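Following: one structure in structure tokens, then a few remarks.
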């Protein structure tokens, strides 16, 4: 029996729930050398902004215990060159393509989204309202329910693609934000983006990142991500996409148990380029071993009230 | 030359800036078998509540990548037995004693604080407005500037001890809370308490903690703590006490560079019972090696604008 | 007890069977003070994975040689790393920690129940008793494992001359079934004296729960050694508690040895 | 280039001096495809400390034996763990990655500048040239270290017959001072041809910054191999960029070899 790994968001059907997280997989090309990209549920692009961005000064990353910090600064080719130079490659894949969109004003989000509208090869949009590395930008949208609502509503009104709102963990109550974007018409939420963090070079008495602070990702943040996914999945009706420190099939299954319909692999790609496909394979094997017809049968099946 | 490690909070002078974090050092007795407690800047007690608390059902802790989760549930003997049974031991120490106070309403904080007032052997209070494991309680005070203000103000009005407000990292903007408690009369802020997190036992399909979620501590959260200390220290005038993943002298020095006047060792005590005293020693050696007269000369000396 | 930290020196690492290892460690302070039931809390390496210490019962002590032994099973990353240690390496130890078994008087009997790795502290109890010239015929050990290749130290046990009852879950050797079933049968058939007899048990939680029930039912004077996740190991964090009729107790400090009739396991 | 992942087999671990190690690794795919300047990205263990891969230049290749070598210095936890590996262990490798040095034509000269561990990729460049029957007398190597016991492979280098210029910062052997100073003197004194000569450099950032300035000044056709923190190593994360006259470039994918006149180091 081949288990059913498929998942739907809006009207889009994915062959499996394994995605690769924005900013960790470029525009897809690089990892094509390691495995057949069509085996993934979907590829999510680096965040695309209206204009090309050079990004922050190096050093942009450093390692921390079981994690890493990044302050890339949304370096990307801009929406125009994305459509011209990157989309053709993605269009030729059989896997779904999710374009991640970022901006520093609602207008900018809307402009990017309008430019992406109707372009062949795009299946969904992921709206990054949570990047901790853009100063006047994303962070505000992500930490205030009203702003989050406005941003997603504006995007919703200007796009026919299904929309995933990507949420920031740097908030007191992520559920509040999730409910706001659901209300605004998001078809799914993805969480979490990185936690704001910092590292210091004692020898030089300087921050390790030129941007001083950056975003923390990797196994270190998995407990935080799991808690947020669990809380959110109990409150929203739309699918929850879980990410944060997923490195293997076990981690992915834990997120699904906590209520995630899909999962994303971010930092895990760096540690093992084949991490995401191995998880696709691993989920299949798990379903077979546990005689699950569909992976979604496991979703939210965390036992809370039993004695042992 | 013996470097000056002393630090003052309010009128209290500490012989050095190394404290042990609430909840990780019991009421001091246990670690006395490992070293002379008088070598510490101060001991901070487990959070004391009005009534004794049994705490949460086990399992109460689990390990995560470079960190751990705990949901002890503020198990403590209550303020009355604390004064009767625990304070006599602490009173006989030469080191300063900070009593950490928790409650689930402002009234409860005030009642505890009143009971502690004028008791010999207490030098300061640390007000825990941030425990993520108490449901209707702490978390609210810690994540709303108005509540944080009210709570600290009420404590301030009912106590003559210097007050440290212990802040929660589970907020969108910790600086806002720090400013509110400074305004309310806190003599210092300590940050961070634990991040809300969760772990799942895939085999059993159950949360690893009976309380489902718990607080994440240890090296995994150090980048988050450093960022918050750095941001807060730039905005408040009162001393900032930094903690979160401090395991050795290097870590402690990084917090001081980021702006902390003092540091606390929490999870580090578990990994090495001598962690805190080793840091006292390490700070001394560092000052000697770098020819620093006073450890506080290093505070906030992070170089931000230099080219290399 | 003046607890201390010590750098132990690894004298030997033996693989005793599938995933089963025995370490001999040079540690004057632990070997001098350790009593049966005590444990040590050790750091398997200097990295943060794993971060916390791991607890192991004192399994054997050679006071003259300033050394003691641990017996353990590889169940996760910590024990895996420990099993890969080499003779001559240092090990960061806290111990001896916790309380210890209260010993039988000379004219009493001792009945021990070990499930799997539960043999670790009970073996030390046996050898301590024998060293104190306790009559081996007054000691009975019930030892249960899942299948016969999981038996450990049987030769050593037999050569002590104590009474031995073996059980395997799959029946591949000795009684077929849980060791607690065999024990229960013996009790019911009154083949075991319960008066002036001290009972001791160590093993998986499920087994100890059974032992605890039986002890209440038959009013046995029974001590059980518990396990728990132990962040600090010294009584400071309240992380390792077990429920008892007297409220939550710290396994690391109030235990690991508890009166079987008092703990409430689930 | 079809990048691939491979489990390499460690054939030998040699300690070449204080904190200096050489690994020989069996890896058909890397040894078949690696060009001078390429690097591999490897995972030092399966744990999360350290979490990320570490990059090392290909230092030598024995195609017939399907093996290649790395040369490295222990500077932190990753290289520490690597140095403790034992023959027969597996190593999780990505590679060969990055671009490679563009080689001189037969009638050109090659001048190489190595600072410390910068010798690693340049040694492979030398042996590749010699294998292609490049005249050793047309190759000059400027090799600088801090003090003479940091010299590496000098015998191997001398036996190739190439021209060798040595410098130590403390003057304990060869020229006293930075290798770039010696190089600059030779250039200024016109003892080095700059026409029809290809220059190559690898070493610490400060040295490469100097080389870059000199290259601009003397209009040298100079390639330098850079280092950077590399989360992905394959061009996907934009984490490893270096500033150039053409904007930020990825060291892992657009490099690690760059035109010295184009990079802007600070």
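Order of writing sets the labels: A, B, C and D. Residues in every chain begin at 1.
Please note the rule applied: contacts are C-beta pairs under 8 Å (C-beta built on N, C-alpha and C of every residue); 3 or more make two chains touch, one makes a residue touch a chain.
Model, not experiment: these values are computed from the prediction.
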{"item": "Chains touching both chain B and chain D", "value": "A, C"}
{"item": "Centroid-based (C-alpha) most distant chain relative to chain A", "value": "C"}
{"item": "Selected pair, greater C-beta contact count between A-C and B-C", "value": "B-C"}
{"item": "Intercentroid distance (Cα basis), chain D paired with chain C, Å", "value": "55"}
{"item": "Between chain A and chain D, centroid-to-centroid distance (C-alpha), Å", "value": "36"}
{"item": "Centre-of-Cα separation between chain C and chain A, whole angstrom", "value": "47"}
{"item": "For chain D, residues contacting two or more additional chains", "value": "48-49"}
{"item": "Interface hub residues of chain B, defined as touching at least two other chains", "value": "65-67, 218-219, 308"}
{"item": "Category of the chain touch graph - line, ring, star, complete, other", "value": "complete"}
{"item": "Interface residues, chain D side, partner chain B - complex", "value": "48-49, 266"}
{"item": "Chain C residues within the chain B interface of the complex", "value": "1-5, 43, 48-53, 92, 94, 228-229, 231-243, 247-248, 253"}
{"item": "Residues on chain A engaged by chain C in the complex (per definition of touch)", "value": "65-66, 307-308"}
{"item": "Chain C-facing residues of chain D, complex", "value": "47-49, 77"}
{"item": "List of chain B residues in touch with chain C within their complex", "value": "23-26, 30-31, 33-34, 46, 54-55, 57-63, 65-68, 70, 72, 75, 218-219, 247, 267, 269-274"}
